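Here's the structure, in structure tokens; my notes come after.
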Amino acid sequence: MITGKEHAQVAQPPTGWQTRADIVFRGVAHLFGAAVVLLLAAIVFEVMRHAGSSMLKHRLGFFSGSVWDANRGQFGIFPEIAGTLYTSFWALLLGGFLGVTLALILSQGFLSRRGELVMKNVVELLAAIPSVVYGLWGIFVLVPLLRPFAAWLNEHWGAFPLFSTRLSGPGVLPASAVLTIMILPTITAVAREALAAVPPRLAAAAYGLGATRWEVIFRVMLPTASGGIFGALVLGLGRAFGETMALAMLAGNAQTFSWSLFSPGNTLAALLANHFPEAGEYEVNALMYAAGVLLVITLTVNILGSLIMMKATAGLKGLR
Amino acid sequence: MATATEPRGPAGLQLSLVNTRTLLDRVLTVLAIGFAAFALFPLFSVLYMLIVRGGHLLSPMLFTELTPGAGMEGGGIGNAVLGTLIVVVLASVFSLPLGILAAIYLAEYAGESRLGTVVRFAGKVLTGMPSILAGVFAYAVIVVTTRSFSAFAGGVAMAILMVPTIMLTGEQALRAVPEKMRLAALGMGASRMETTLRVVLPTALPGILTGVMLALARAMGETAPLLFTALFSDYWFDGKLGAPIASLSVLIYNFSGSPFAHLSELAWAASLVLVVLVLALNVLAQVIIRRPKEF
Amino acid sequence: MHRSDRHLLRALLALLGAVLFLLGCNKGSSGQGAPAASSAAAPAADTTITLQGSGASFPAPLYSRWFREYGTKNPNVRVNYQATGSGAGIKAFTAGQTDFGASDAAMTDDEIKAAQGNVVLLPMTAGHIVLAYNLPDVKDLKLSREAYTGIFLGEITKWNDPKLAKANPSVKLPATDITPINRSDGSGTTFVFTQHLSAVSEKWKAGPGTGKSVTWPAKAAVGGAKNDGVAALIQRTPGSIGYIEFVYAATSNQPVAWLENKAGKFVAPTPEAAAAALAHVELPEDLRAWVTDPTGDDAYPIATYTWVLAKKKYGDKSKSDALKTLLKWCLGDGQKLSNELHFLPLPESVTSRVLKAVDGIE
């Protein structure tokens, strides 16, 4: 119980100590915010330091070439760029859809409070599984599982570009599938937080007007939380771009790009993981060039995403 | 379904499957649960695979014995479990302050400012960074300068992977705290710092924790960062943070591909232990920080 | 203080206690295993010497076993080895981050120059590479030189190709497509295999050539990560064939092909045949020798040494002494463990040369 005397002490103009502490805290917060930028800058610098010589040598041919041959000094990453974008696209499509669905189930009263908590932990378990284990699971379980379906689709609908090759093992489909699973916890968790942050009175109002649960979801919850959900998707996409170990084992390491889901391919991160340990100086420089390209792709996609976000949420201000 | 004796309410409030809206609602619910089950099937498949292949090695000996050599019987993963915990503590010491304070900056001070946008973008680009790059960077900055592989470098590499997720999810969690709570605290005479630390941060803690746990779970399962920085050690941690240290992720990387059955079984057991460890950390943290009641 | 604060404090204290308890356990049980017998030449002082090595993953199982065994006999020497890949091992060794390295491809002249020549290459053990395949009804597939080079060049695409049938008259080879499986990551195994292919096929030499990773010409080629990835792919891909280290085929009973050697004979990939290949090799002064196309009727064509990289001069006498004793043990008693782990013991002629080189380390 706060006494009258304490009331007077609490509600008073800021003391000198408080003002100074505020300034210091503000400075510290700015500093740490800047530190993150500095970290990125340091990493970019380190990458550029090695990539520089390779960039001068290979210039733009790097982007259109498809040969990666350290012995001959030929380096090209077109299949990897295409592969990264292609697998991440599928992972985002499927992972985004499933992730938001899971987030809805975890936040819209489908389950009891306890059920939601248990499910939340179950989903986060997906994040706890090591990357290498996903790769192994992909080889031992997923690929054999997919093989009959892939064979059937290839036989009957082979003309369709998505099914135009045989599934011989690792490839776009297993890689995208595992990527989906790996970004699922991120998307689910962040989307769930976004949905939970929607003021309950909005949903309550809608229910009071007689809306069904799914009507509330589609017309109130999703639009209001759209900013956060979009953020979840962007985080998930970033994670998909950077996934290393599992894709090194499942992408197939082929220097080709094909629209077929069943063909082997490669991604930038997998290329790095596969070649870095054994790389000599020239190859390391080329790999750093590729790493730089990946960072630029991530940046570009994020900028595009923000632009889309700004356009889309322009009319939603003031809801809180 | 209304019988003759039940009072009939206004048409829109009746839960009748004949009504299209209700039918749609039910169908969507079934579909959603179906998709969710589909999404979770891989989890159970992976866990099943781990249990079948490595479950039989779960015993206290697993945690008290050192990693065996090829062709040897017995042995365990004790040094790796301890090593992982130590590296996690190191990484948290580096990444939690940085990530949370940066999140506070973004949520409380940055608004729509130029620097804020840049910081946010930096965070998003960093989430997309391949884990191997974090390892290579930490190698170049720390291992090369100290001329030694070390647990310290491993902690730094892991922290680099964790910071962006902690910062971005932390920002969202902080922003979700209703403005009125901040205003109430300020109105009572609290300074900006007191408001942030005593009111906003505790309220946002469950959300921040989600981000921390996500970051931690991912970092613990990544091999590449530790492979280039902390290497591995077949011995117990001897207190030297400047020397290589064992870890579960590198152990799994080493043993999972081994042609010797005992070693690959240890890898599966280690994977199981890692998953359970992350789950335990998760549950522990959630128990400590209970979600406050909604307003 | 608040109740939740107290809970937090208690949990942290419990965690701290657990960590300290574990640490305490370790101090009591450091150097597991048999009590230290009076071992020859082990440093008598109480200080433990730690030797750190990294490099090739091919010999890692043997090295890890060696160092554990050596550690039980000499508890004050801790030897650590981590497989990071030959390239990374050479880099770390050259930069002084490790005390010794290991490489399947020895070191190139450039790499030796980068280490200022302060390096001695020591063959420690050897192994051979086999071609494993997945054809359920075919035992003891025989592949002529023309056959296996053709398969990896992508020129032979079906199993019932006449070139393959020629060497296997008693077997009905199916009409399935051949899926050649190679390594997706850079590796010493690829280096040795492609080096052999370059030696036996002009076309290969002019084409993909020798390297830790090359461009594989076959259209149907698929890449697997590391030896076990390739082995797993072969097991799960009908009609596939790939190159893996012998130990992976031996422990999984994978069917492997008989290869035609220089003398025109088809040889099964047994350890004896591989040892026969290495026996004829003349080691030059710097101990870098490649057996790209061995002579001899019973020689298996694809075998190789693997090297440990040590400094010629260490600044630290206790360290160099410990390392020398360790290496001598590996070259002596250690070789007895080779067969158990499916590696090849070094021929006597080679061991004596290497021991002499070890003596030269300061």
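Labels for the chains are A, B and C, by order of writing; each one numbers its residues from 1.
We adopt the following convention: a residue touches a chain if its C-beta (ideal position, glycine included) is under 8 Å from a C-beta of that chain, and two chains touch if they have at least 3 such contacts.
None of the values given here were measured: they were computed from a predicted structure.
Undergrad: Considering only which chains touch which, label the overall pattern as line, ring, star, complete or other.
TA: Drawn as a graph, the chains make a fully connected set, so complete.
Undergrad: Between A-B and A-C, which chain pair is linked by more C-beta pairs in contact?
TA: A-B
Undergrad: Please work out the Cα centroid separation of chain A and chain C, and write it as a whole number of Å.
TA: Chain A and chain C have C-alpha centres separated by 36 Å.
Undergrad: From the mean C-alpha coordinate of chain A to that of chain B, what's the distance rounded to whole Å?
TA: 14
Undergrad: Among the residues of chain B, pick out those that touch two or more other chains and give their numbers.
TA: If we look for residues of chain B contacting two or more partner chains, we find 256.
Undergrad: Which residue numbers or ranges of chain A touch two or more of the other chains?
TA: 140, 273, 276
Undergrad: Note the residues in chain C that touch 2 or more other chains, in rising order.
TA: Within chain C, the residues that touch at least two other chains are 84, 88, 229.
Undergrad: Given the complex with chain C, which residues does chain A contribute to the contact?
TA: 67-72, 135, 139-140, 143-144, 168-170, 248-249, 252-255, 264, 270, 273-280, 283
Undergrad: Name, in rising order, each residue of chain A that touches chain B in their complex.
TA: Residues in contact with chain B: 10-14, 18-19, 21-22, 25-26, 28-30, 32-37, 39-40, 42-43, 46-47, 97-99, 101-102, 104-105, 110, 117, 121-134, 136-137, 140-142, 181, 184-186, 189-190, 193-194, 196-197, 199-200, 210, 212-215, 228, 231, 234-235, 237-239, 241-245, 268-269, 272-273, 276, 291, 294-295, 297-299, 301-303, 306, 320.
Undergrad: Which stretch or stretches of chain B touch chain C in the complex?
TA: 64-66, 68-72, 82, 85, 143-144, 147-149, 227-228, 231-239, 243-244, 250, 254, 256-261, 263, 284, 287-290
Undergrad: Write out the stretch or stretches of chain B touching chain A in their complex.
TA: Chain B residues touching chain A: 10, 12-13, 21-22, 24-25, 28-29, 32-33, 35-36, 38-40, 42-43, 45-47, 49-50, 97-98, 101-102, 104-106, 108-110, 115-116, 118-119, 121-133, 136-137, 140-141, 160, 163-165, 167-169, 172-173, 175-176, 178-179, 187-189, 191-194, 196, 207, 210-211, 213-214, 217-218, 220-224, 248-249, 252-253, 256, 271, 274-275, 277-279, 282-283, 286, 294.
Undergrad: Tell me, which parts of chain C touch chain B in their complex?
TA: 4, 7-8, 11, 19, 22-23, 25-26, 29-30, 32, 50, 52, 54, 60-62, 64-69, 78, 80, 82-84, 88, 92, 95-98, 226-229, 231, 247-248, 250-252, 337, 340-342
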